[in-house]
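Think of it as A, B, C and D in the order they're written, each chain with its own count starting at 1.
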Amino acid sequence: MTESSNRDSKIAVGVLGATGVVGQRFLQMLERHPWFDVTWLAASERSAGQAYARAAKWRLATPLPERFAGMPVSTAVPEGAPRVIFAALDSGIARELEPRFADAGCAVVSNSSAFRMQADVPLVIPEVNPDHLKLLECQSWRRKSGGFMVTNPNCSAIGLTMALAPLERHFGLEHVVVTTMQAVSGAGYPGVASLDILGNVVPYIANEEEKLESEPRKLLGRLNGSRIEDAPFTVSAHCNRVSVEDGHTESVSVKLRRAAREDDIIGAWREFRAAPQELALPTAPAEPVVYLDVPDRPQPRLDRDRGNGMSATVGRLRRCSVLDWKFTVLSHNTIRGAAGAALLNAELLRAQGFLK
Amino acid sequence: MTESSNRDSKIAVGVLGATGVVGQRFLQMLERHPWFDVTWLAASERSAGQAYARAAKWRLATPLPERFAGMPVSTAVPEGAPRVIFAALDSGIARELEPRFADAGCAVVSNSSAFRMQADVPLVIPEVNPDHLKLLECQSWRRKSGGFMVTNPNCSAIGLTMALAPLERHFGLEHVVVTTMQAVSGAGYPGVASLDILGNVVPYIANEEEKLESEPRKLLGRLNGSRIEDAPFTVSAHCNRVSVEDGHTESVSVKLRRAAREDDIIGAWREFRAAPQELALPTAPAEPVVYLDVPDRPQPRLDRDRGNGMSATVGRLRRCSVLDWKFTVLSHNTIRGAAGAALLNAELLRAQGFLK
Amino acid sequence: MTESSNRDSKIAVGVLGATGVVGQRFLQMLERHPWFDVTWLAASERSAGQAYARAAKWRLATPLPERFAGMPVSTAVPEGAPRVIFAALDSGIARELEPRFADAGCAVVSNSSAFRMQADVPLVIPEVNPDHLKLLECQSWRRKSGGFMVTNPNCSAIGLTMALAPLERHFGLEHVVVTTMQAVSGAGYPGVASLDILGNVVPYIANEEEKLESEPRKLLGRLNGSRIEDAPFTVSAHCNRVSVEDGHTESVSVKLRRAAREDDIIGAWREFRAAPQELALPTAPAEPVVYLDVPDRPQPRLDRDRGNGMSATVGRLRRCSVLDWKFTVLSHNTIRGAAGAALLNAELLRAQGFLK
Amino acid sequence: MTESSNRDSKIAVGVLGATGVVGQRFLQMLERHPWFDVTWLAASERSAGQAYARAAKWRLATPLPERFAGMPVSTAVPEGAPRVIFAALDSGIARELEPRFADAGCAVVSNSSAFRMQADVPLVIPEVNPDHLKLLECQSWRRKSGGFMVTNPNCSAIGLTMALAPLERHFGLEHVVVTTMQAVSGAGYPGVASLDILGNVVPYIANEEEKLESEPRKLLGRLNGSRIEDAPFTVSAHCNRVSVEDGHTESVSVKLRRAAREDDIIGAWREFRAAPQELALPTAPAEPVVYLDVPDRPQPRLDRDRGNGMSATVGRLRRCSVLDWKFTVLSHNTIRGAAGAALLNAELLRAQGFLK
């Protein structure tokens, strides 16, 4: 065991919203993390004071780690919380609670949508726009208490943006039309009623299309001084819920600014490496984008766990008769699309010296 | 019982490929048909000679009609067959068998893809292009034996085209980008393996995108003398299989040639009536296109049976930031998308004097 | 239209708990009922005052009947309610509300479990124990206001009891071991979370095994003056939830008191007819128990709608090496197991002169 | 890396039927096995000569191991095969092929049902009846060529028998009534048609009940010289297929020969350890039987992977009013119920000196 995995030298972290679906993923991914040590779990008033095993209805396929089972659930206030907070809160609650933690000096690494589009809050995928972290210096919390807030994108925006990033870089993007087929775990627990989704498709997810149409443009935007200029492409999204437990599948058509050949595009995906790979961040996948050269992939059941759930898997690149090219992209919505996204953000923050 | 439903005055019909999923729908829909009387069932050599109940593995939720259970399955040859044949064959077999029946003087009302795009074979949705039946006069079978062949579109093309038809008529179509989420019954029986689709999405259906990109253009094309000029729009299709028993859902973006307001588009759908409604064909739905003004519909489990499975249901009309408008359309793939489509074609043929 | 279907001569009825899954089935089944006319809908305070279409999230595959869409939802109090009330309430609420309606002179035809096992409340399946309605005369409500209460069994008990009734009558029952595989609609809406049941089995349904072990004994019990003597057999139940929308499937082993041959047992099921069939009650199935002589049936998707959802379907009768015989029984849990059960009870009540 | 994991010192093994669902599990589990090195893959004539990646449609959620992708698929004959053969064949083919390999001197570790009940072939669960391996000495193959054959039980029998073994040992078994809810992967690929199982239950699996009623009695039987005396209890089985990918769930009622208290039974399960644990076999789970003390477990989606898929998980122990006790047991059908079962058998064989 190396020094960095020694518990004493780890950074103490807390999880806000620890009992939900994403909160559980945080605990699963943090159980043996070499850099972070979970010392504090918080949830709603209803759960506070109970042991975690009692407060949470654990829904993951790996057992609840023993060390969290007996940990008490704290009230969601900054007093007594560690300085690094992973937040997995509903948007409405996040809007109220997260600023309090940043204000109290915490590094808030948030998965919620509440502040993603706020001008001074970086919305980051470490492989895509690590430089946006510079926005942190503009946050008033930072100046006041040392606290700050970083966010990761929506679970359907992240896979799409990872597939778009190499295209934007190499060929320029002009238009994107995307149709999602999203897993039920994206709606939390209890979330989607079984009567709504068994043998069914629900062609609507509240507020999802708006996120998918705006977040990729901020993520692929250019940092200009203290603000992000959105990337100059448009996204049109159709969001559907399907009968899948985990893994969001997306059918994508794109119009590029510069001509591209099939091999160039596939090459751009396969060669895509960035800061997390260079820094060998613990949760970084070896290949951020995996391209599969078979006709019927990616599929959520077979491909969502690639790169331990941190890779986006792309397939079926072919000509689009309306725009230029079309393809399918898949990513794990509660790993790369939520807890893993925040965790990789935290690892990048530490590597860049923001966490101590 | 009116004269037309008197069995003696009904037109004798046969079903080719009677044991498959679509063949079973034919029998279900023809059991009490006022104009047609099923007197002949045919299937592969393996089934020939057996009683239908034994040859077919009946998979519908209504019991196998008693009168078909004991009917013998005939060999698939024109000798002894009635003059009107509903064909529900795999494409490869259809290519070989259907011409034999047309050549022998039969009216072949086919659901297969084998001859849909052949220049002298009408591809018809009675609400959309009933005039294309004039092509029948160009068929060499017609001149030789009196036989002919008419086809209906692919199960994913039909719902889309029904939604597009009022748009093309009122506003002109320029581009269509469509992503399908198709039911497993579209693949026949045994068809899709459960290990492939439980909790999964398969982003590929062989040859399906090609059909969806070409058939709507022929259907909405203009009859010019003895040929169809394809309608001048392009379709780009993404076809996916999802974990749904019946009902194909499609997310559609369209670019129109003329400006349209939301109310005009919804009005065009709601007011859409055509030959089958005017002729009061027995299988015609009162409303070919139903528009639902609620945020999360249509859904396959709740809406596929509208109009006894013969209506296309549309919802979620909203602006598309890349093309002009976007919406969701749903139709029942083995009723309006297969057996019901052929049956309505046959009813139109009779109403126009082609069947006696 | 016969006199009995004339609206003026119909009996006005109300539905308590009209917005839930069972409430919706009541409306679907009552839409065109020849004897009953729904004039009053009630639900929780939250819904009261709204139009039904707005208050209810309609989840059935047939559209919400137009005539109910605009009907206002009333507060759940007897004042202003008609004299015949179908009740589809959660047990806790039923315990409080149902007696108020009976006390106010209403005939309460209840689907809830609250009073099923109360000594003076008949628990009735019209085909099984219509004579138990005599208990109504013992109810204090009856004497006081003319009101009364009748109940139908739990959704998993009813199919089992219909299959057991001919066995008890002909051969005597000693022991029953039953394992259920129950549909999600039995838990109401939203009910079972999709994350709990997709690709899964949940081997527990709160309070269900207790009902399944006690209700069949009361149903098959003997009316002795003013009380029911439970039938002298024991039931051991294992209740599981499976990924099925509608239809409860049950694997049953039975020990009989008298020797029985296979043909005798199948004959007992097939010949089973009772009061509802003799009286030709509108909702009565022609065959209460359908026996299928094929190896892999009944199946929920294919058999739940037999007899318009009012038949119990049995199959796979074979020797049990531990008890005597074993078989599979299936019934539709929200039709024969809930709304249809209550409706048939009401029809029996009217036929016996209890409703005016 | 220890010496035993050095490739040169490993035992070369082959997989017969390598392209099927169980064959794939073998490769997944053998990829990094410390004792065995897969050097030979065989499948049907259709696949022979192709690279494995081309011949097999890989259906597991982990990628096909690189080292097997390019390995050629051999013809299924003993010539050129290694001396240890894992067999994952359909029963009919196994009946023909497996004796050829044993005859040629191979150790055939078979998952098929063909020879399980043959008197001189041991049917083994290493935790339950390791002593039955002594039967190998009675096999004529052994004497002739040194070859032999060992089998593991059916996928539904193994979880049941693991739960029964501690009960038989401590309290004696008299009767067992079991209802299974089996996953689709148990039927291989393509196996169960999606139209048969989506939203459905199929209450029949060919030949399964017979296996489940006989195999546990041989497994728990007593070795008496050169034969096994079946254990003196009876099993009555109801086998159902449900909409689950992996993991067989079983509702079990048992009658014991000696009185048992709840705590004693749970203790018997929790303390159950046997040869694989004592020998620390690589694939042995730490706890062969895990008892969960929560009301709604085990569940296939959440519990099938316990002990890396090698544990049987039990829950819901409670009184049975017909027999004595009832409970639910779950095990992973393609790991503990197939490939993992055979692998553990092979590890036991090596530990006992049967493999060199």
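The rule is simple: a contact is a pair of C-beta atoms (placed from the backbone, for glycine too) under 8 Å apart; a residue touches a chain by one contact, two chains touch by 3 or more.
Just so we're clear, the structure is a prediction, and the values are computed from it rather than from any experiment.
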| request: Determine which of the two chain pairs, B-D or C-D, is joined by the larger number of C-beta pairs in contact. | output: C-D
| said: Taking each chain's centre as the mean of its CA atoms, which one is most distant from subunit D? | reply: B
| field | Rounded Å distance between subunit A and subunit D, as computed from the means of their C-alpha atoms | value | 39
| field | Rounded Å distance, subunit C centre to subunit D centre (Cα mean) | value | 43
| request: Measure off the straight-line distance from the CA centroid of subunit B to the CA centroid of subunit D, and report it in whole Å. | output: 47
| field | Shared interface positions of subunit D, touching two or more other chains | value | 59, 198-199, 243-245, 301-302
| query | In their complex, what parts of subunit B are in touch with subunit A? | reply | 175-177, 179, 181, 198-204, 213, 234-236, 238, 240, 242-245, 249, 251, 253, 255, 295-302, 315-316, 320-323, 326, 328
| task | Quick one: which bits of subunit B touch subunit C in the complex? Just the residue numbers, please. | result | 59-63, 198-199, 245, 301-302, 304-306
| note | Listed in rising order, the residues of subunit B that touch subunit D in the complex are 21, 59, 184-185, 189-199, 243-245
